[in-house]
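Inspection log for the structure reproduced underneath, given as structure tokens.
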Amino acid sequence: MSNAAPNMRLRLPLLCISLQLLLVILFALFVRYDQHTDAKKWFELKSRNHTPNSENEFYFRYPSFQDVHVMIFVGFGFLMTFLRKYGYSSVGFNFLLAAFSLQWATLMQGWLHGLGEDGKIHIGIESMINADFCTGSVLISFGALLGKCSPGQLLVMTVFEAAFFPINEYILLSLLQIKDAGGSMTIHTFGAYFGLTITRVLYRPQLEKSRHRENPVYHSNLFAMIGAIYLWMFWPSFNSAVTSLGSAQHRTALNTYYSLAACTLSTFAISSVVNGEGKLDMVHIQNAALAGGVAVGTAGEMMLSPYGAMIVGFLSGVISTLGFHYLTPILDSKLKIQDTCGVHNLHGMPGILGGTVGAIASSLASKEIYGDGLQDVFPLLVNERSASQQGLFQALGLLVTLVFALIGGVIVGFVMKLPVWGAPPDTQCFTDQPYWELPEDQGSQSEMVAVKQEEAEKIV
Amino acid sequence: MSNAAPNMRLRLPLLCISLQLLLVILFALFVRYDQHTDAKKWFELKSRNHTPNSENEFYFRYPSFQDVHVMIFVGFGFLMTFLRKYGYSSVGFNFLLAAFSLQWATLMQGWLHGLGEDGKIHIGIESMINADFCTGSVLISFGALLGKCSPGQLLVMTVFEAAFFPINEYILLSLLQIKDAGGSMTIHTFGAYFGLTITRVLYRPQLEKSRHRENPVYHSNLFAMIGAIYLWMFWPSFNSAVTSLGSAQHRTALNTYYSLAACTLSTFAISSVVNGEGKLDMVHIQNAALAGGVAVGTAGEMMLSPYGAMIVGFLSGVISTLGFHYLTPILDSKLKIQDTCGVHNLHGMPGILGGTVGAIASSLASKEIYGDGLQDVFPLLVNERSASQQGLFQALGLLVTLVFALIGGVIVGFVMKLPVWGAPPDTQCFTDQPYWELPEDQGSQSEMVAVKQEEAEKIV
Amino acid sequence: MSNAAPNMRLRLPLLCISLQLLLVILFALFVRYDQHTDAKKWFELKSRNHTPNSENEFYFRYPSFQDVHVMIFVGFGFLMTFLRKYGYSSVGFNFLLAAFSLQWATLMQGWLHGLGEDGKIHIGIESMINADFCTGSVLISFGALLGKCSPGQLLVMTVFEAAFFPINEYILLSLLQIKDAGGSMTIHTFGAYFGLTITRVLYRPQLEKSRHRENPVYHSNLFAMIGAIYLWMFWPSFNSAVTSLGSAQHRTALNTYYSLAACTLSTFAISSVVNGEGKLDMVHIQNAALAGGVAVGTAGEMMLSPYGAMIVGFLSGVISTLGFHYLTPILDSKLKIQDTCGVHNLHGMPGILGGTVGAIASSLASKEIYGDGLQDVFPLLVNERSASQQGLFQALGLLVTLVFALIGGVIVGFVMKLPVWGAPPDTQCFTDQPYWELPEDQGSQSEMVAVKQEEAEKIV
């Protein structure tokens, strides 16, 4: 890898160090502890009229935060280890991008979502969760690009995406005042179409030269299953992490649990149906079975009812599996969209489904159904908006997200195309070789062959 | 696999889709949010005389719920990946069965454990945990059958087991009013003997044809160790997930922690002793070291005292390891019980031990020891029953469980024997081949040989 | 392994069983439930003047406890599976040592940290966390010795280390009254230098005979990455697990989160810089990226400010990665310290950095910065000590820890050298062979070669 290596040696360290030093300076200038994490403010808060539950908010959110954290680092990281020769990069670059993104997102989200009276960003448990959410979106985009970009390119993408994401989020949540607690729109739809647009801009007509590496070995699929199952299990925590405390949060967790369960059955069914011999495909099980979590990301906190959540989950599993089988090859051959992980099927279409379900569920909300809980879920519906208006705003939010993702993706795609970031050649995709010191069993052609030759020669 | 594949293509999808649609209909008819998850009822509840801790119950139980969830999906799923060529099926079918079971169990347990005034099942965090518990029992039975049944057969088993389990549970907890918070009897003893009976009914005299696949490779044992360690770590949460809030829950977690620690040391000791060269056996470490969690499943919430919990754990490790070494081969050769995962050693015998310890600990309970905590652990002992009566009822519960598991297992075994579910032939046990699209490195004879031949030919 | 096996058969079981029986007896004599876990005392506590949060302390600490537990068993256990032929021993001995250590530490810490009025040790959630902390220190020492000691030797080390650790902890926390919530000094510095001293005493001049096994294969590094990422994710829980409830705990989690994020970027940068081709080294990513957690172990609860935490994390990543690249080979060749896992780089130097940062941050503490929170973090600073005095005491604590670790390590190293514990010969290091029944694919020379020969012969 004589051409890639020197690039790495200069570019990656320079990027990492300069970005990290910039972060330190910006944090020093702008970031302070919030009321729950500052020693002094906390006691001032407690001495004022204060309910135990506002005092305990950190404790009620912290377990969900850790679950989300596991999804970001283990879930996304290991889900992407399915490629036979790209495991180190999958889990390693996931780690690097996430560690950078959550610092950068803290700043971007802080600036947009309101500074304190002192002009500073005040951080605590909610900003930690929100930074993880933005990071989730970045990692979805990474999934579309998996195996085809250098870590430098990916860091550049993250710099932009973790800035665009909060702007879109701000438009939806603060300007349009729509609901999207689990991020069907802000996280999944945005991340997917942002990444898909980039991979379209970075289209590699000669990718065939690396296609023989674009599939798993037996054990790499088991590593990927670790990621998939952690995502599946903790999605109730993901969708409910930032909802109102109390029944809104409990309901979100419950709706997500049943949506995912139903999604799993429809995924197994369709995976078997579309296969010529009725066999199951690990790609579907690892990915489509998670679509139920994406698809209730907006409506999870609403009064979907358990069977409603199950219908949504069921449909998302069907759509997602069909997408993997029929649509991904078409996107690749006709639209020149090389979507390595199939994020269009797991995050794109289920995200749009989720946004749509959220719009419908919003337009059916009423004081009769929600009682005093209306305030928690739809504060504007108490006085300011009708349910159908809210539904329209929700639909508008989905549209805005799509437009934003497409425009943002085009811009960032062209930035990533600049040769300075050192993209791997077409023959060096889907391999750890250019980026990692590899153990002997993964030498240039694979040491196995060498060993075997050696032995065969001895024998002969 | 020309004979198995067409079966899969028709049977598995039809089963999955019809079961899931049935679930949606039944949920629509019968299932509603409970007071903690319904927007309206929650605020009505809060406006009434309400203590902070009843309001926060969801938060206090949710982390334990997620721990149990990890045990079900990662714990059981990966523990069973030890087989060299059955990893996809182990973790994949575990996933499918669990996703179905937790919906089905929600209904069955809801019908039995009391409908609301509106004739509906009201669900929330406790029903989610209880559905996971029932699923645990199903997965224990799956362990006995591992590698020898088609997914269709396993789904049919789950339909029945997740109906029988709540009935047995109802008899024990509601009719006999006995204590079994961690399910030594209801979950472990029931699941183990139910599965063992089925595997007896499905006895395969020609299983030798697949025995060469019934063992691990180096890395499959490390995947299995992931499952084992997650089960071990989170067992304190499992046993305490549905006990009374407060000291009963804290004590259960603590007793389980020390029981497991002691069990681990006795397992290492006996594993080394029974081996001709003093070497340790991964099967023992992965399984017998967990028996300490099973064995304090009934008595964990009682005033066992820490050293009492350690004695129980120590004994269960000894019994379980000896069972793996001496008893499993006998069950196989003499009693025609082919117990793939050795669930008799991990769940069967330690479950009986746990039920017995629970009966003894109950018969020793007194107001002197428990103080006002007696109400939490043994409400009937305040006025209605003597301690020795409670002990007898506990023993009776163990007996009922065994009878129920044996009868249920026989019925379900014969149902599973019907040819319509498509059992794999004796030559196709312990292999993913009939059910999964496999990567090249796991072709029909194993692509490795092919590759090697190819190379050797080139060299020659 | 004719020479090692008989040793195992006698020594390991005898050690495990006698230690476990001793533990049962000592627990029976000395250990009782505390106010939160005893049925009677709990209700007595509640009936007295009692705030909800003291009642709920168990719930607030339990999720952190489970996170720490995951770090101990999965984090340390899998981090050490990077060696190609020592995976069973890494995760298995980690499991054994931890299960023993947490019982033994309960006793030792209980005796030192104050018995109840009844002369008994009262245990609950805090003692469970503290026992896990002591176990963490033992496992750090194990990391230095990895692959070079028998399980008997390691158990003997644990007996001593889990006794020395609480003494050092007692001197620091109770006598010197210094702060070290996340254990930069008590856990990391102590465990690292204790283990390094032992490995120096046990120096093997002929270790070259096993060096060919002292490196990973492709998949063993992915297993190790599971461990590394769990350690990284849950470090905020580790550092905050025993701090005061409220803002001190929240701030510790937040500081650790940002320190680790910054550390990850500097680790990637330096790893690429020091490599001749700019390639990344998995050893650095798995280890040095965690140094940010170690380095804020003392100061995490202090008012470091987020950017302060990031600077500490950044530096620790630089120091740790440079240590792996430049220092470890020198320690090995010049100082005869064979540090298998490089604990000097992950725990030693970052621990000293952490202790130093803690001393500086303490000396800058004031009522102005901490407000009424000063009582939580530095109770002595309210009336009894000046900030600079506290800083000096902190520095003294670091010194005491180093002296204690060195003296303890020398004593224990010579005890471990006694032939009775059965050390493996130089040719049998870094291999599971002497201790575990291995699957066919890991035969004495490796069955792969045999299989290939067989096939090649057929072909020829």
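Going by the order they are written in, the chains are A, B and C; count residues from 1 in each one.
Everything that follows uses one rule, which is that a contact is a pair of C-beta atoms (placed from the backbone, for glycine too) under 8 Å apart; a residue touches a chain by one contact, two chains touch by 3 or more.
Only a predicted model underlies this, so the values are computations on that prediction, with no experimental measurement involved.
Although subunit B and subunit C share one sequence, what matters here is the overlap of their interface residues, and that overlap falls short of half of the numbers used. When the CA atoms of subunit A are superposed on subunit C, the rotation angle comes to 120 degrees (nearest 5).
Averaged C-alpha coordinates give centres for subunit B and subunit C that are 32 Å from one another. Residues of subunit A found to touch two or more other chains are 52, 56, 59, 63, 219, 226, 452, 456, 460.
Those residues of subunit C lying in contact with subunit B across their complex are 1, 5-10, 12-14, 16-17, 19-20, 23-25, 27-28, 31-33, 36-44, 46-47, 52, 55-56, 58-59, 62-63, 66, 69-70, 73-74, 77-78, 81, 87-88, 91-92, 95-96, 99-100, 102-103, 123-125, 128, 151, 219, 223, 226, 434-442, 452, 455-456, 459-460.
Put simply, subunit A touches subunit B in their complex at residues 52-53, 56, 59-60, 63, 67, 84, 215-222, 225-226, 229-230, 232-234, 236-237, 246-251, 253-254, 257-258, 260-262, 264-266, 268-270, 272-273, 275, 277-282, 285, 289, 303, 305-307, 310-311, 314, 369-374, 376-377, 449, 452-453, 456-457, 460.
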